[in-house]
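The same chain A turns up in both complexes below, where it pairs with chain B and then with chain C.
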Partner chain A sequence: MRTLALTLTAGLATLAWTCAIAADQADQIIRGQYQAVLGDCAGCHTRPGGKPLAGGLPLETPFGALIPPNITPDSETGIGNWSEADFRNMMKTGIGHNGVRLYPAMPYPAYTRMTDQDISDLWAYLTTVDPISNKVEANQLPFPLNIRLSMWGWNLLNFSETPFTPDPSKPAEWNRGAYIVQGPGHCGTCHTPKSFLGADKDSVFLQGASLQGWFAPDITNNAQSGLGKWSEDDLIQYLKTGVNAHSIASGPMAEAVENSTSKMTDADLKAVAVYLKSLGSDAGAAQPAKPDQARMVAGEAIYRDNCSACHGGDGSGAGALFPALTGNSIIAQDNTETLARLVLAGSQAVHTEHARTTPAMPSLAWRLNDQQVADVLTYVRNSWGNAAPAVSSGDVAAVRKELTQ
Partner chain B sequence: MTKILPRKDVVIVGLGWTGAILANELTDQGLDVLAIERGPWRDTATDFNIGYAQDELRYSIRRDLFLQPVVETMTMRNDPSQTALPMRDFGSFLPGNGVGGAGVHWNGHTWRFWDSDFKTKTNLTNKYGAARIADLQVEDWGVTGADMEPYYDQFEYLAGISGKAGNIKGQLQEGGNPFEDPRARDYPNPPMQMTYAPTLFAEAGRSMGLHPFPTPSANMSRAYTNPLGITLGQCTFCGFCERFGCANYSKSSAQTTILPVLMKKANFEVRTDSEVLHVDLASGGKSARGVTYIDSSGEEYFQPADLVLLCAYGLHNVRLMMLSGIGKIYDPNTAEGTVGRNYCYQTNAGVQVFYDDKNFNPFIAAGALGQTIDDFNGDAFDHGGLDFVGGAGINCIPTNGRPIGTRPTLPGTPKWGSAWKKATVQGYKSTLGFSSQGSSYATRTNYLDLDPTYKDRFGRPLMRMTFDFPDNDIRMSNYLCDRMEEIAKKLGGKQYAVGRRKKGWDSVPYQSTHNTGGAIMGTDPKRSAVNVFLQSWDVPNVFVIGASAFPQNAGKNPTGTVGALAFRAADAIRNHYLRNPGAPLVQA
Partner chain C sequence: MSHRYPIRVNRRLFLSSVAMLTITAPAVSLARTISGALPWEPMTSDPPMQVVPGGWQFFTPQEAALVEAIVDRLIPHDDLSIGGKEAGCAVYIDRQLVGAFGTSSRLYTQGPFKPALPTQGYQGEANPAQRYRAGLAAIDAFLKQRDGKTFVELKPEDQDAFLTAMETGKIELPNGVKGPGFFGLMLQNTMEGFFADPVYGGNKDMVSWRMLGFPGARYDYRDHVAKHNQPYPQPPVSITGRPEWLGKGA
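The block that comes next holds the complex of A and B.
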């Protein structure tokens, strides 16, 4: 937050010097910068170590690669020749300047819920960003998907321009949380399962989805697979710092925490937590079948040799350094892609102001075969109060194949 | 063809403990800092992977993390009348290599030197007369224990040292070291849970009226978050510290205490696998312009910088000064020149006590988990009736029970074959070892210079090491062995063996990587290479940081003092040097 405040102050000083900007305009720009935080524009549109918003790393979608474009106000390669109306239309409908249709990797199906005021503020901020000349060929999709007009049909099937409608029966805080999660925060873009056309399946909103080699877990209040065991404070701490007693963010969520949630206001984080904790309170009564005892024995031996030194003999972990494996919602997901990936490839933890250590899980792909990884994961998923279906060696093999491609 | 690179405010040679401390402090000051590291990048999960970090063959026997002699070695001899020959392998000491340096694979004993250690010459002269030290070349450091206290404190809190204070602001503390200087506050972490062998050793010592206390340890007794906000985990007592990187984030090193914060800073950069060939001086030789380095593809670069910090291993700092023409190389015949002067090397000895009926489970261990007796160290005892000066800490620190290296046998056991195998089985669990970490005092003929014959892979002369244990230090070590023998008798095993230190330093068996001196600090530019802030007397925009600055070594491991000196140099640069860059902080 301090960084943001400093940036704003510096930015405003420049503005005041150049064009004696009106106070209300300055307020709007500050609000707009916060909208950019909520929407995590930088997460996609800034390349690591690159100039802010001048274009990002390719997004690997099931349909092919898309490169997040340059959204700085450069008139040749950015959005410098867009009007505010173009921008609002794009956020609301996915149709940008000159009628170009965007692919829904740009989460306009979520941004469409944003208020006109928030979009206007965001636009005001984007016009003040340093213009950078950087030509990005966004569309890397294969034929026929590379024809943007195909999105006309997609939108017809999958998209409706729906503003966010508050639920008058709920408190303002809940509604604020719902607005952030469904709108600018676009949590569903990762966490909601997709149809075969890549559209959100609203019936299973935020119940976990696979993308870019990771499984974004269930973030409803489901006690088994979701955040049911987390308190509101746990959730706030996680979003603010990337670390809590149950989990440590890594992978794409680490980026979301670093760029976006760690910079949100405490009030907004509370609102998000209140809203998420209200979703899908189904306790997941169906207990999975007990795994084969022989696999549990094999898994325990592997666990003792490879995992217990850090995660503890009882899976209790060690605070901010080694995540607990009990009550950790990643462990209990039906989809084990993230779990297999963590064991095979390892992963480095999030870095925030409040979590600076960035400890890392080592790669064990060279040491454990698919069956051994499956056995140890099965053991972890069914020990110390955890209960989740056994993992097959085929599940692990698929992840290994993806990692080595 | 040397490529010329854009200027930096500061270039640091070597990214180990001192390089990382200086880089973190000076980037906090807003300076643009570049570290050039000869070895590779190293990080916990990738390089000390839990699956192979404890590979004894790879790391201990084949020494995977250390400097390899093909990269740089040195020649050695025992006295100036001999012809020095190159060491074809490192043995007696094992310099580090790569990011984190030797701080990656140390044990973690973290000591403070005492005020009397810093005033060696004055103190010994006052107490015992100048004649007693006539055959030695001891010096004062130019600092006091009180000067150093805040910087020791800073290093201990950075590194999360586990220990028990013996003296807080003049109040003696039960269970700590009664001989230590006053400290402002206790260690950041309590002592480690004691294992059996040190417990017995301490009981024996106490029953003899001695004062055992837990060795201050850089292995974490509990999870700890340091002032930079970096968390270390509790030590698991796996017994793979010295020669190994820690897989569990439980041993302090640059990796576990500084780099996670430093590497995120926009004004810091490290270039690894790049070896600095020399510091480039401006014409006249009174200031440095930057450094010349070569990367792993053989490309040569000139890196201009306003301030050059030599933060390599102490021996390599000294050689870089010699190769760069910083200061005058010491000549033992005339006693003129300062670079290479007062090279010292820890004087150690050890005792083993053999039992039939005890099981020490030596594999439950950590590098600095043990007990120390300081009653015969430094100024803790009166040398009035004795024939030497100096002393040693007596340490019972069973660091490991690794299967290849831990093979204690009774004296007289064959060195190989079935009888040896049988004896190692008997001795493995039931042997208690302890040792003396002895002071090393400088002499006129123990020194470093450039070898006239042998060159490295870039055609630069190797450094020549001329060293033997001084007679004084042998007498000291024998006295300590007598005291250790008394403790061994008290311990009451079936048999004991004392390994005494003898003249004729041998570069083959491992002894310690506690090579000190060669670019010593002091108040007289004729007898020291750097001033009391580690700034070169001759080239004031060069600082030389490390154990190279020790005028002589106390009976303690050097890292704590190296860390404190690094913080002190950083403080001097931040708060004094930068006000008038390029000027000497002390007038000669």
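The block that comes next holds the complex of A and C.
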């Protein structure tokens, strides 16, 4: 009888202990799933309509194409043979399983700032994803860049393993925002200008950069080109829904909103907003020259006939359906790649749980020639209080060439 | 009562219909399910083909001269506007006749072909391209036989008199061509060419729109809805634009 009681007690204790472990593990996996949202792993590693994390669409970098690999736990084609130490090392240094050097299209220069705990949680989650057999040849670069050892030199020049260090003089919320933006959120991967070697130029952190045929705008608090006219709530609303009174997300940011920011917690969005609004930059403060009057006249005629029906005669837009063109920072960026692209190719607004309508702008490439697109953009960039340099037809021609290739 | 219905719905027919529907229903219910964002592709548009003047694609040179003479009598040059020929009405008709309109490719064109009531429009077998070919030949043949001249060679008042007689059915055209019907077709197409968007070959420089004060291919007037008794300030615009877009002024 006593033996039985002891056995039972021991059994119950073991069971409770196992449950506690399981509960701990479940918590860790759920936290890791949220890390995957913050890091937007799916944005690159999941092909649209494809199996989750089984490999993505090619990334067209200025150096050549890279295909985001399969990061499901499949041991043949995924990361099933990796250890947690391999994974942490890769996130921190860009050197993966068996010493393979990653290209910085994988944003390890940002992920290196993540805490060990967050990386460990993320790993716990990744081990629970359905293993998918899908062989991906990630490296499509031309010689000699296709030699991964060349990244040794790149890292020497451009990379240092730096953990995130909180600024004790700032509130915890600001530090949380800084951590997300600089670390897992890797905002700088798109929004920070790159050196000729493709490394982030930290002196102009988040001041806008061109990639994949779009211009990721300045997201510092700059009044002209940045978020200066946005309130914290505007920014939170944009990240949560993809839409606010100033702008509607499209292009790569639409994907980032859909897969990542719209799924972040309200507290984290607030932290990101607090941090971004604290970043000053004085880029683009100079008043640009007034554009040629004839071009403004032509631009106004083109605007009246093609744009005003949705964006309004005075550029005021229509709420969440058609973005306002006044005080819209996309309009004022120095780089006009995104603007020319929107007019030529059209665009569809992001789809999120909170904004499901996905209004779309039609393609006007058939109706307007390069000069006309340049004139109407010049008009919009210099009307209703906007002031930005004139757009040349050559800039538009370059975007059209890329779009029609 | 029941003898009025050619098919009597009895129990057997009803049951077999239900059975048929049940069998075929899964096949027709394969509709697409769309979730998330609506399907959308960049750089997609379905603009009309720009008609470029120059050369004839359907008419022979002789037919073209005849049609140009007719459209210039239907819409003569006057102090309100240029005439139908200069406005491009014949070019418009020529391009329509080589397209879907000419071949009736988007219409049901099988029989039965029965005499139609006047309210029913044309119910014959020939498509518009065939009607033009036969009709224009009949006009030439008729005038050659009656006057020894072609339509183009007639004086304007004689041209008008002929067209009026044709419209009212006072003359009998050869080869069974119905004068009023063919006249109606030409008048309809000439008006289309004169008033349709210049992208289709007629309405040169938006001449008819300027004459009428029609603002063209616009679709939003919110800025002007509340401005009563004031003329709309914007000039007309075609699907292909307006001269002001070129930065040289109108």
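Heads up, the rule we're going with is that the second predicted complex is superposed on the first by the 379 of 405 C-alpha atoms of A that agree within 3 Å, B and C clash if a C-alpha of one lies under 4 Å from a C-alpha of the other, contacts with A are read in each partner's own complex, and residues count from 1 in each chain.
Please note the rule applied: a residue touches a chain if its C-beta (ideal position, glycine included) is under 8 Å from a C-beta of that chain, and two chains touch if they have at least 3 such contacts.
Everything numeric in this text was worked out from a predicted model, so none of it was measured.
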Chain C versus chain B on the shared chain A, clash or fit after superposition: clash
Contacts of A:346 with chain B and chain C, given as first, second, both or neither: both
Contacts of A:397 with chain B and chain C, given as first, second, both or neither: neither
First (chain B), second (chain C), both or neither touched by A:223: neither
More chain A residues in contact [chain B versus chain C]: C
First, second, both or neither for A:295, with chain B first and chain C second: second
Partner chain in contact with A:309 - chain B first, chain C second, else both or neither: both
First (chain B), second (chain C), both or neither touched by A:319: first
Touched partner set for A:366, first chain B, second chain C, both or neither: both
Chain B versus chain C as contact partner of A:358, first or second or both or neither: both
Where chain A meets both chain C and chain B, residue numbers: 309-310, 346, 348, 351, 358, 360, 362-364, 366-367
Contacting residues of chain B [partner chain A, same complex]: 43-46, 49-52, 223, 225, 228-234, 236, 238, 247-249, 260-261, 264
Of chain A, residues touching chain B in the complex: 306, 309-310, 318-322, 346, 348, 351, 354, 356-364, 366-367
Chain A contact footprint on chain C (complex, rising order): 36-38, 40, 42-45, 47, 217-220, 222-223, 234, 237, 239-242, 244-249
Complex contact set, residues of chain A against chain C: 294-295, 297-298, 301-302, 304-305, 308-310, 312-313, 344-348, 350-351, 358, 360, 362-368, 371-372, 375, 403-404
